[in-house]
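To start, the structure under review is shown below, and the notes come after it.
Chain IDs A, B, C and D follow the sequence of writing; residue 1 opens each chain.
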Amino acid sequence: MSEHEHDSQPHSHEHAQRALSPMELRVRALEALLTEKGYIDPAALDVVIDAYQTKIGPRNGARVVARAWCDAEFRRWLLADATAAIAFLGLTGRQGEHMVAVENTPQVHNLVVCTLCSCYPWAVLGLPPTWYKSAPYRARAVKDPRGVLREFGVELPESTQIRIWDSTAEVRYLVLPQRPAGSEDLSEEQLANLVTRDSMIGTGLPGTAA
Amino acid sequence: MSEHEHDSQPHSHEHAQRALSPMELRVRALEALLTEKGYIDPAALDVVIDAYQTKIGPRNGARVVARAWCDAEFRRWLLADATAAIAFLGLTGRQGEHMVAVENTPQVHNLVVCTLCSCYPWAVLGLPPTWYKSAPYRARAVKDPRGVLREFGVELPESTQIRIWDSTAEVRYLVLPQRPAGSEDLSEEQLANLVTRDSMIGTGLPGTAA
Amino acid sequence: MNYHSNADLGGQDVRGAIVMEPEGELFHAPWEPQVMALVVAMGPTGLSNIDMNRAARETIPNYRDLSYYEIWLTALEKLVLQQGVLGDTPPPPKQVLRAELVAAAISKGSAFSRTPTGPARYALGQRVRTIAVQPSHHTRLPAYARGKVGIVERVHGAHVFPDTNARGLGENPQWLYTVAFDEKELWGEQHLQQRSTISVDAFEPYLEPA
Amino acid sequence: MNYHSNADLGGQDVRGAIVMEPEGELFHAPWEPQVMALVVAMGPTGLSNIDMNRAARETIPNYRDLSYYEIWLTALEKLVLQQGVLGDTPPPPKQVLRAELVAAAISKGSAFSRTPTGPARYALGQRVRTIAVQPSHHTRLPAYARGKVGIVERVHGAHVFPDTNARGLGENPQWLYTVAFDEKELWGEQHLQQRSTISVDAFEPYLEPA
């Protein structure tokens, strides 16, 4: 287990064709050990990575939101029983077993955080962005939400109430943003394209109907 | 609307190539009216009928039961949140929006009825059998369950508690029967073949492992 | 208004055999599938809702003489007349179930849960007494379970309230509970012991503390 | 035992910018996807559970100096050592996530709801006070929400209780509530007004009547 010393190098975001970094060596060692001991099928790792790179991401959540914008009955179902409504769209899964959808209105803006770790609705949004897991977001979202939103370029009217959901258990929250003005003529698919990941966390707003 | 007189003929189960019966005429008249007034797409009726004849029936529920027999985690999920667990298998739908699964044990046998009409979990069991909608079953299941079960050829030990679920709202009940003795070596698919419709209503038991 | 349901059969003295039926035997006359499909197809039109349908069915004077699909047909004819489909300004359908929409509509269903607006008055395990009054409109508390003491076994959340929904007075969501009764409470001490417990799904207005 | 979490960041004075990230940018080093996949793949082995994982992560001494995938890797290494994987009798995996099982396992997830065994002590709209004691083990009530008065906004059913599950003391399901606090209750009257309401998901043992 000599590879288990911590990587003391500064974080590098470039990884060209070169010798394996200490972190890479450390991960490979752990993978080799768990494979040898019979815990891991190494082929499964590639399938997991592919799933979160190509199948499970915020476009899934965008489908949910666009459907709710187009179908009042689905919207009502989503708000009353998000787990079932989302499962109806085939989006069940890991880190999405117990879903709650919260609706933005002209009066209330919702913001989701996990101050204790990085709980995030993987089944509809995929892997969380780095900032969502970072100390500054987790520390400040609950105490200075307007400041945090400003960093994201979102300036809410003073009269808007901000409702912050700290995901401290296994319930996962999806924000249902307000449908953009002027989007009446867009198809469900076009609407889904306006739904950004951040708008479903509450740190952003959906795109505008061009 | 002169076709609306009641069919006074005794019920006939044979309908060979012959003139339309009064009931057939009555149904056709209503269908024609609703089509003309723009409420009905007649082509939709065939799709609905085909769905319940070929896709939505008790083999769906049997899949749920067999999965619960094979996968302890799924069974626990099914018993804690049947709507979500069943949705995970893709079996959402009409008359199955709010599901509860109830488990038979050596101590407790579950029986489902709708005394007020014919509520039945269509999404997993399809269309209810005639007896389920009939006055004798609806009247007696709640008061004389052992007598009713005897009519179905089911004789329970005297010590077994019978738990009757009268479906008086929009919750739909699915009985999870006991896994047959000696079925340890069967595949999930083979197990599903042992699960009868009646065993999921509680008026029957699953087949035995041959 | 003198409302009487002919469908409230639980515990009544109904003779007649319960006639078994094999799984694949769905219909017994060529017009029956058409009636089933018409009822399904009329759902999205919004001409009536499920509680109006039940009210129309249970008030058919010769309810007990009709087969179930005859009941459905008769009630649909009645609703079509009542809602003015034959008049000069028939109510426009909210949505027409086009053939290509059938599969999605069936697998979506129509959820009856609603976001609760107030606290549940009763909790799991609590003793409650059902109201004894028989209201003069459609309701879903069976006669055999009126004025009886039971135990809250499940709390299902808030659901559309049939008593108002059936009369076009709105969804008026109410907390829904499964309330279980000992057989002696329902049928008296003299009743042939069956070792049975019977539950109904009861809306909060049907219950009082006990 | 002196348990200290380094992950409880809500409301702390953490400087540093929140760094935006485009939707497709999932990883920042070639070893990161491997770590994510290893953690996912270790789930079915039962070597640890999600609460043990969180405990292992939040007690890393230099938690705040590590990136999130470094935290995951370090915690996994720690658990592998603690659970005796390197010993003579490593605990056998409950299930190995074979490549062909990945898609089904991800889309199934792992539900944390359990059938409740007793009544919920609190109801929607009720005032509750969170406990002030910081237990000396993994727990999920953030420090900023201790000893505070809030309102029950949602009742989620019974869920696996992290405080026991993290210590291998069983699932011990407890009722789970969303409890919402006014910003002044959490941060004091002097706090810059944000018009915000903050909720946590709190297990029943974290709450007292207020």
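By our rule, a residue touches a chain if its C-beta (ideal position, glycine included) is under 8 Å from a C-beta of that chain, and two chains touch if they have at least 3 such contacts.
In this text the structure is predicted, and so the values were computed from the model without any measurement.
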item: Set of chains adjacent to chain C and to chain D; value: A, B
item: Winner on C-beta contact pairs when A-C is weighed against B-C; value: B-C
item: Chain centre separation in whole Å, for chain D relative to chain B (CA means); value: 41
item: Chain A and chain D, separation of their C-alpha mean positions in angstrom; value: 16
item: For chain A, residues that touch 2 or more chains besides their own; value: 81, 84, 88, 92, 97
item: Overlap residues in chain C, where contacts from two or more other chains coincide; value: 107-108, 110-111, 113
item: Chain-level touch network, classified as line, ring, star, complete or other; value: complete
item: Touch list for chain B against partner chain A, complex; value: 81, 83-84, 87-88, 90, 92, 97
item: Chain C residues within the chain B interface of the complex; value: 5, 7-21, 23, 25-26, 28-31, 33-38, 40-43, 45, 47, 50, 54, 57-58, 62, 64, 66-68, 70, 73-74, 76-77, 80-81, 85-86, 90, 92-93, 96-99, 101-103, 105-113, 140-142, 144-145, 154, 156, 159-160, 162, 176, 178, 180, 186-187, 191-192, 194-203
item: Chain D contact footprint on chain B (complex, rising order); value: 73-74, 76-77, 79-81, 84-85, 88
item: Residues of chain A touching chain D in the complex; value: 1, 4, 6-7, 11-13, 15, 21, 23-24, 26-28, 30-31, 33-34, 37-41, 43-49, 51-53, 56-58, 92-98, 100, 113, 115-118, 123, 126-127, 129-131, 133-146, 148, 151-152, 158-171, 196-197
item: Chain D residues touching chain C - in the complex, by the definition given at the top; value: 116, 118-121, 123-126, 152, 155
